[in-house]
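The structures considered in this document are given below.
Shared between the two complexes below is chain A, which has chain B as its partner in the first and chain C in the second.
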Partner chain A sequence: MYVFLAIAAFLSIFPLLWTAISATNSSVDIIRGTMLPGTYLLQNLNQLLEMADVRTAFINSARNAVLLTFCSVLICSLAGYGFEIYHSKAKDRVMSMLLLSMMVPFVAVMIPLFQLVSNMGLLDSTIGFMLPTLATAFLVMFFRQNIRSFPHEMIEAARIDGLNEISIFFRIFMPTMKSTYAAAITITFMAAWNVFLWPRIIMMDPASITMPMLISNLTAGYVTDFGVIMLAVMIATLPTILIFFFLQKYFAEGIAGTIK
Partner chain B sequence: MKKFLAIVLSVLMLVALVACGATTTTETPPVEAETPAPTPAQTPDEDEEDDEPAGGTLTVWCWDPTFNIFAMEEAARIYAEMNPGFELNIVDMAWDDIQIALTTAATAGNLDVLPDIVLMQDNAFQMNVINFPELFLDLTNSGIPFNEFAAAKAGMSMVNGNNFGVPFDNGTTITALRTDVLEEAGYTMEDFENVTWNEFIELGRSVLAQTGMPLLATEAGGGDYIAFMLQSAGVSLFNADGSPNIADNAALIEAINVYLELVESGVVLEVNNWDEYIGSFVNGTVAGTIAGCWILGSVQSADDQAGNWGVMSIPRLDIPGGTNYSNWGGSSWAVTSNANAELAIDFLRHTFAGSTELYEVILPAAGALSTWAPAANSTVYAEPQPFFGGQAVFADIVRFSGNVPAITTGVFFYEARDAVGFAVVDILGGADIEQALQEAQDLLVFQIG
Partner chain C sequence: MQMSERAITRKPKLSLAQKRGLTGWAFLAVAAGLIIWMNFYPMVRGFYIALQSGVGANMQFAGDLNFRRLFADPQFRQTISTTFLYLVVQVPIMLLTALALASMLNNRNLKGRGIFRTAIFLPCTVGLVAYALVFRQMFAFDGLINTILINVGILETGHNWLGTAWSARLVIILGLLWRWTGFNMIFYLAGLQNIDRSIYEAARIDGANPFQQFWKITIPLLRPVILLTAIMSTNGTLQLLDESLNLTMGGPGITSRTMAHQIFATAFQGNPNIGYASAMAFVIFVMVAVLALLQMKVGDKR
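On to the complex of A and B.
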């Protein structure tokens, strides 16, 4: 059993480890299959900073992802809360229609979305970036499912104590559902941080570049410097790793769908 | 409930405000980029040599900071000397991403988002111009001297006899071989010069037998090999009327037979992907490579092999019209219909289509080779290269490029190449060659309707 788990753990951690090691090697060493940490980290870093505007990309990615995560989680939790707490047949039907939207692949709506955002003059802007994924059916459903386990008695008790509906949501519901929020934040942040196609289409200006776009640009040349790419990938991975470790405890609980 | 709705709406509004606020901080450059350049009106009397537009800003989409972007920066520097106040705004975008952006802009009918100049892969050039004619400017009568470029190269960006692109980097196909390995087997570079593929395979067998090293490696399937072999004989996968030319294409059958022989004899080692392919010669698993001349950048990354490489043209197909010259890859500059046309054309005419100085700078620094004939006369091209045992490789390659036969890629180049690639895999698996090609043609006809 432990042998199996150890193998599985190794298989999942190996690519990350290899990326980290490769970030310290020269491109030729990587092609030659070096598996030991090298001494090229600083050269790779200098080269990367020379080739690409990492700072701008990182700040843009961070701003886009944080804003989108905050807004999206707030809106979707409100929606999920509404669907479950103020439950009715009609709302169930609306919910199933929402879920249908999960079946439509992004590329199918990409061109109309682009037209829309471009006509609104929102190209190269954070809000243009956020609009299509501000409220996602998945996240609404995720909150709705988790709210099922939320004891309705608490809401009734709060109502009797004289709290209005808004205060119930922010002061009773939100603190109780911490783990669900943590899971939602992690999922949304990772998706927002890694999203590539949408920003690639609407971000025309070099000043709006994001980390995934930057990495894509690094792979485009005749000569590919793998050391530099691996370093860029490591830098791009750090925030998601940090978020995950930071919220890990809650994340596991939130996914399991339990509350204390 | 009403109250609740009200709150939700106000939160949404707040969100919108926050997001708008955040954007303004980063949005300074686009304004500058999108502003149409202040053209001649501004300085009619500040007379320069011809009626050049003064100042102004151009936006360019291209990829690769060490190659295309570097070349563009140098071009901007040179142009700014003759046109003070000129500014170039370069957007680093991978080719695949440029293709997505072009398709999106064209499909959405929103051409305002396009830059002034776009770099396009030659293989995709005709496809884009034919599919989205509204996107690009016809440069035929723009004053750019297209006859000074290698004919095959300029032909890659021509549609119906009109020029839509200013040729940039050279994709002439070369054979690069390790002279030390050849020596070990008792050969020199001269033995490989101007040979047919059959002679090349015989030499390769002998080298393999004596040193245990295959001469070449390529990505499995050999689509690229077959494509450049066909071009070396001036044959395209399409007829002049655009219909597929795959079944009963004698040159194609010969090319596939040569490829099969290369693989079966062990002279070519098939690898799984591009990284393994680069690794094959950097690691010294194989004794050389055949690719576009841009591969020299990767070849030279193996410092320990310095002085042990030589470069020559490729073997030829043993058929009428077969030559030792072909082309693999390369790209050209297109001017979009959203451009400040006068400035963009003037810029290209004085740099990529008119500045020996530009090509002298970007050759040694980036290895970017010209297809503009006057640049080849520069002494920089004739300099011996220590990595290649003192051979003046760049002058040689430019000489090769003048002999490459021109072909049409058409709209469906990539689809045709893939269909042939599938057929080759079948044939390697034992399928009948003519039948497999007929199937490939049927598949392609089905795909393109």
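On to the complex of A and C.
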């Protein structure tokens, strides 16, 4: 059993480890099969910065992902709260209808969505980037499931104290559900940071390029320097790995709350 | 928002329950509106576009022309069979491995559970494009895998992994297994935590070995979670695009190209034909819906 787990863990980590090591080596050493950290990190970095506008792409990705995560988590948690706390049969029916949207593949709607965003003049914009995933049935369901464990007495008590419904949400509910929010933020941020197809379609201006687009362009172009590519991959991956390590405890709890 | 205003202005006429009901609708209105606008509306609109043909602004109603063309299109048929190859080979292996890993990690006496769990989940934190490029480098002709295989003595000269149809597809499958097994494992682990441990105790006393416990207790009790992961994986595989585009670039030729990649290429590259691409997209939608229904039928049987 330990052998099996150790192999699985090794195979899972190895490509990442190799990426990190390769980012510090020259292309020649990587091809030779070096497994040790090298001294080529700065050269690789200089070469990468010369070839691609990493700064712009990183800032764009960060802005897009942070704004999308913030808005999406807010909108979807409000909805999950509405569905669960003010529960009614009609709302249940609406929820089941919304869940059907999870069956709609993104490729099936990307062409009309592109036309829609283009007609609204939102190509190359953060709003255009955010629109399709601002509200997802998955995240609404995620909040709804996790809210089931929220004690309703707290709401009643707050009502008696004279708080209105919206303040109850912001002042009582949100602070209590910190771990659910942390999990939702982790999931949403990872998806928003890594999304490739949608920005690839709507970001036409080189100044609007995102990190996944940048690293995709690197290999599609004439760059064959392994070290440079691996360094770019590392830079594109670090934010999500960091977020995961900070919030991983909540992440597992959140998934557990959804499946119950 | 509109609704909450109405709730306030009509305050005297509404009972408390009605008022609460309307407040609830106000809470969920934005999300519901966005989901309808961004999913259901484009779905209908996409079907409408699929009935048209032409380029740019010169779109004309063409009836079922695009759909008739679809079934005779050898390229589209090839991408369908490639996608289904990925689906049929990768999804069962991945789900079984994830289940096995999860049931091992659910053992409380296991040392280093947290480390194993984190390690196996780690690939999920890597973006699809990023991991596709890592695999592209690893399986390059002068890449790591060939170097290892030659040094160990398994291969005389390097194998052109991405330049050969069967191995290009294999690399995509390996990539998918690497990226998604840990993701499914987390779902199973969460599901396993809800299973009462005394069931296993009882089974052990009755003389059931770990294998029997796995098949007779774990799998039946996890059925809803397995169903959920099966539907998610099927859905995801049918829409596979980033890997095809970045790892193998669909090649050699179009032998490792997925349906979604074909749609993307038809709609946004070369001579764009969005009518025809929309018809293909509609086919994927029907496949996703049919397979999900089938899985629910099979999964619900007890």
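To be clear about the criterion, the second predicted complex is superposed on the first by the 249 of 260 C-alpha atoms of A that agree within 3 Å, B and C clash if a C-alpha of one lies under 4 Å from a C-alpha of the other, contacts with A are read in each partner's own complex, and residues count from 1 in each chain.
Going forward, contacts are C-beta pairs under 8 Å (C-beta built on N, C-alpha and C of every residue); 3 or more make two chains touch, one makes a residue touch a chain.
Remember, predicted model here, so these are calculated numbers, not experimental data.
After alignment on the shared chain A, the placement of chain B and chain C results in a clash.
Contacts of A:F150 after superposition on the shared chain: neither chain B nor chain C is touched. Touch criterion met: A:D205 reaches chain B, while chain C stays clear of it. When both complexes are overlaid on chain A, the residue A:M1 reaches chain C alone and has no touch with chain B. With both complexes superposed, C is the one of chain B and chain C in contact with more chain A residues.
By the touch criterion stated above, A:Y86 is placed in contact with chain B and with chain C alike. By the document's definition of touching, neither partner reaches A:F173: not chain B, not chain C. Using the contact criterion defined above for the overlaid structures, shared-chain residue A:F142 touches neither chain B nor chain C, since it reaches no partner. In the overlay built on the shared chain, the residue A:I75 is in contact with chain B and with chain C. Within the superposed three-chain model, A:Y40 lies out of touch with both chain B and chain C [touch as defined at top].
Judged by the touch definition given at the top, the superposed model places A:T219 against both chain B and chain C. With chain A used to align the two structures, chain B clashes with chain C at 271-279, while the other stretches in 37-45, 91-99, 217-225 or 271-279 stay clear.
In the superposition on chain A, the residues of chain A contacted by chain B and by chain C overlap at 31-33, 75, 78, 82, 86, 110-112, 115, 134, 165, 197, 201, 216, 219-220, 226.
Contact residues of chain A toward chain B in the complex are 27-28, 31-33, 50-52, 60, 63, 67, 71, 74-75, 78, 82, 86, 110-112, 114-115, 118-119, 123-127, 130, 134, 164-166, 197, 200-201, 204-209, 213, 216-217, 219-224, 226.
The part of chain C that touches chain A in the complex is made up of residues 20-21, 23-28, 30-36, 38-43, 45-46, 49, 97, 100-101, 104-105, 107, 110, 115-131, 133-138, 140, 142-144, 147-148, 151, 178, 181-182, 186-187, 189-191, 193-194, 225, 228, 235, 238-239, 241-242, 245-246, 249, 259-260, 263-264, 267-268, 274, 277-278, 281-282, 284-285, 288-289, 292.
Touching chain A in their complex are the following residues of chain B: 1, 3-4, 7-8, 11-12, 15-16, 18-20, 22-23, 26-30, 33, 63-67, 89-97, 100-101, 104, 107-110, 112-113, 115, 275, 278-279, 282-283, 294-295, 297-298, 301-303. On the chain A side of its complex with chain C, the touching residues are 1, 4-5, 8-9, 11-13, 15-16, 18-19, 22, 30-33, 75-76, 78-79, 81-83, 85-88, 91, 94, 98, 101-113, 115-116, 131-137, 140, 165, 169, 190, 193-194, 196-197, 201, 211-212, 215-216, 218-220, 226, 229-230, 233, 236-237, 240-241, 243-244, 248, 252, 255-256, 258-260.
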